[in-house]
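There are two complexes below, and they share chain A, which is joined by chain B in the first and by chain C in the second.
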Partner chain A sequence: MIQVDERLLERIAKDKDFNAQACFNCGTCSALCPMGLGLLPRELFRYVLLGARDRLRELSDVIFSCLLCRLCEANCPRGVRITHNIRTLRSYLVKDEYRIL
Partner chain B sequence: MEAKIGVFICYCGGNISDYVDCERVREAVSKEPGVVVAKTFMFTCSDAAQEEMIADIRKEGLNAIVIASCSPKLHLQTFRNMARRAGLNPYTYVQVNIREQCSWAHTHHKEAATRKAIRLVRAGIAKARLSIPLEPIKVKTTPAVLVVGAGVAGMRAALALADMGLEVHVVEREKAAGGWVKKWARVFPSGRPGEELVNTLLKGFEERENIYLYLETEVVEKRGSVGQFQVRLKGPQGEQEVEVGAIVVATGFSPYVPKEGEFAYGASGVLTLQELHALLKRGIEGRFVYAGREVRNVAFIYCVGSREKEGHTYCSRYCCTAAVYLGLLLAERYPEVKQFHFYRDMRTYGKYEIFYHNCLEKGAIFLRFEPPDVPKVEVAGERFFIRVKDRLTGGEEVEVPADLVVLVTGMVLSPNENLVNVLKLPVGKDAFFNEVHPKLRPVETVIDGLFIAGACQGPKNIAESVTSGLAAAAKIGALLLQKELRLEPLVAHVLKDRCTGCGECVAACPYEALSLKTEDGKQIAYLNPALCKGEGACVPVCPEEAIEIWGYGHEQIRSMIQGLCKEDL
Partner chain C sequence: MNTASFKEDYKKDILALLAQNLGLRGSVLPLPSRYFTSWAKGLGLHRGGEVVLYTGHMYQLVPVIRLMEEQAKELAPEKRARLARLARWINPVVNVSAFSRFMVSAAARSRYERCLQNIVLLLRLTGLEPGYLYGVEKYAGALAFDLGLDGPFGRHAARVARRLKDKGVKEIITVDPHTTEVFKNVYPKVVPGFDIRVRSYLEVLAEANIEVRLPWEEKFVFHDSCVYARYLGLIDEPRRLLEAAGVKVLEPDQSRELTHCCGGPVESLFPERAEEVARARMEQLTSLGRRIITACPICWLNLERVRDPRVEVFDISEILAAAFLGKI
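After this line comes the complex of A and B, so read on.
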């Protein structure tokens, strides 16, 4: 079960450019991804929107595998800033979850 | 008078003649007693054919005509008008349907279709032979209207009617006019407080001298019929009677009230949509606090009391839009409050879709559920946990913490048993009032002169309610601005010398057109022709054959049966 983590929601809400809510789940991005990251970005974004902190930790491999090539972003019909969103997540994982910095 | 009948048979450009041998039909019926002319046409409805028939009527001095063509739904009026132009009483014209009821139905058997057509036309001739010239029933109209219910639908209808120069009596059972709308903090799509809309309408009332508003008043009795109703009103000053030509019922809806425990309703912090409106209308300064605790998360649960498997099976239409619109107001006043919307389908139809998108952009989170997996609300001290299988996350179970749960409740009919009884309002299976046809006659009821408008017909938003109010006003204008109504004369009439006053017909009539009356010391049935629909429920129950319908007399029907049964084909 996904438990909504309010701190994660607040943290993401601070980033005004994070626009995953515009995604309407069409799947164009997943189909185009040269890394074959099937999960990315639509399901991932859904987890972020819901504040599913545990899922993000489980998915950190996927989040760091993205090439940031923007093939998906260039074709997203909803103008989701996919690579920006992924950078936001990486920074969240590094700073808030793993506290590497 | 000797019958001189013209019979005109239509090919309908092959629609009929491909299956029915029209020439054989003409042959067979031309020998019927009374027939002076029998002709066929490619299209009887064409101008040329009509001119030829008019010429025949005049030349031969015809006193009745039969046209065997399509359904009367299509051309009854066309041919009645033609008869009138030829100087013939339109009610001595008989239409026989040999298309829908013959050629189209029997395309596989031409011989049988032809024989059936002969029988049908013979029956028509038999009817025409005994036809009587009739005149429309004339009713003087009272240039006044009663509007029941002063919500936005009733008020807008009243303004439109007043502007047509009609006198308008508006009856409202509450202490103030405006209905539900005045309670809403902010209404879509205008963004104005509901009260402002109502005040605009009220100002319109004040500016017009021909609108009378009766508050805390109800309708207790209705007599009369279209064009001339007498209605008794009961208010704080006692009873009074008004004379009106038509009535509009705009009594609105009631918000669905959840059952105790339905989504934890009853617990402090579980509100309905209208309760949240009341809260936001009062306004809370600074942070969003409810019952002494700060609200950080709000959960909206949609479709409560709507789209049920049994009971309220319909969609209440307004609520998706109202909920996202309230979400926007919430986001504007308290941007730090997080919103979770648990919905089934987002029915923010038409341009209202934009409000859903705006709400998404404000960061509200939408989770989609599908029955039987409805959200479960668990009360945990001062908070709630809502658990749902979210279809947008591949059906995974999600648990959301919330401080306030808002139930997006639907619409049910405002309880109105008395009014239903007094006005004989037709009630549909969803318990709302029924129009004749939702698309073709959307504000008329089966009772002439009685109209319905607004949310009492079924769930509607403000724009839709007002539109139907205006539609009712337009219909009434068309009715009452003619000083005299002309009603179809094909209604029942009592044969006084035969009637024994047994009352069987009175009980059979669904429209209360019949009553018992004493005349010359004898009790007999009395018919109000303006109420009668001519549908004939009374005719077969009368043991004395003392009641019949004009244009469908007993003798006419008997001779039609003989015409149908005649074996010389």
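After this line comes the complex of A and C, so read on.
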């Protein structure tokens, strides 16, 4: 069962640049990623939109594995700000999970 | 301790360590300030001024990171995790990273220091005489920003910006893509009123039409940095300069906007993965030739460590210095 975290949702809602909603799941990003991050950003962003905090915690290695190289972003047909979204998830984990303020 | 949890702890410890260093000592890898400024000795760079060269400590850190990586590689992952944990607790009291400095030989440092010296000499060819902030200059904080350490990064950026303002700096000339990006596009968002002009030395040189003394007339493979190419759009400038220097630039399949990352950005948390990415990129590059040019010290570091002995990796400043300054 997915545990919904309001803080996560609120944080994402406040961030006007977090545009994961635009993703239509075409898979271009995963096909190009030099780290082979098949999960990023498609599935992961969906968890965020659902407020699934536990899944984010479990997937933290994936979130921190992204090179922020923007190869995916440069080719995304929907203009999803993938690296910005990933940084946002990192800062959420750092602050709310690891308590590094 | 099971594997998953020690890995999780390792990540948290490294993040906390970086945050701590930034907060307490103004750098993610703090070393005494003379370590960062010794390259400038004898160059006669004036202190401060409206236009300053900003090294951001990146070239200076390359030999230190190389050494730390070599040492860490010797350790099993569990042991490495324990060390990171220990470092986290003693770090507030003893500056752990300062120890590594003693083991970086002058010879290992000299090539990187020479890059910075050459950049100054190249800038002087354009008629520009930049100042330098010496010990006042601080690491810009790119790694902390990228890792989502927003609190420590924001406080650090505010301090750095205040220093620049206090010194009357109006424009900074950067030497690496990470420092350029963070000053140009991130500081204005997190530091209210940050209005310092930021230019890469490659832009300054490319605009100036300097005369070549010793043209290369040889082929090199060029590796674009992701940050220059996809964050800053600095794609044509290095090519124009290299062509003016007589270099025949060979372009790998993934070049310009489609460049392939060197792996460097995940080095601090996932060194093995960083190495895999570097190897994949190296293969693309060496399918065209054995002499490679990079424009970012982090790319340089990462490609260098997976290099076959028959392959050479150069920093673009080395190639430009040879052609425009006429020195090998």
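Some points to look at:
As a working rule, the second predicted complex is superposed on the first by the 101 of 101 C-alpha atoms of A that agree within 3 Å, B and C clash if a C-alpha of one lies under 4 Å from a C-alpha of the other, contacts with A are read in each partner's own complex, and residues count from 1 in each chain.
Following the convention adopted for this analysis, contacts are C-beta pairs under 8 Å (C-beta built on N, C-alpha and C of every residue); 3 or more make two chains touch, one makes a residue touch a chain.
Owing to the predicted nature of the structure, the values given are computational and were not obtained by experimental measurement.
Contact with chain C, but none with chain B, is seen for A:Leu71 once the two complexes are overlaid on the shared chain.
After overlaying the two complexes on the shared chain, residue contacts for A:Lys95 are found with chain C alone; chain B is out of touch. In the superposition on chain A, A:Arg46 makes contact with chain B only, not with chain C. When the two complexes are overlaid on their common chain A, residue A:Val4 makes contact with chain B while staying clear of chain C. Of the two partner chains, chain B is the only one that A:Gln21 touches; chain C does not reach it.
Comparing chain B with chain C, the partner in contact with more residues of chain A is C.
Annotation: chain A has no residue touching chain B in one complex and chain C in the other. Remark: chain A residues 1-4, 6, 9, 13, 21-22, 25, 43, 46-47, 49-50, 52 touch chain B in the complex. Those residues of chain B that touch chain A in the shared complex are 296-297, 338, 340, 360-361, 363, 365, 367, 387, 390, 392-394, 396-401.
Of all the residues in chain A, the ones that touch chain C in their complex are 34-35, 60-61, 64-71, 73-74, 87-95, 98, 100-101. Chain C meets chain A in the complex at residues 7-8, 11-12, 15-16, 19, 145-152, 226, 230-231, 257-261, 263-266, 269-270, 273, 277, 280-281.
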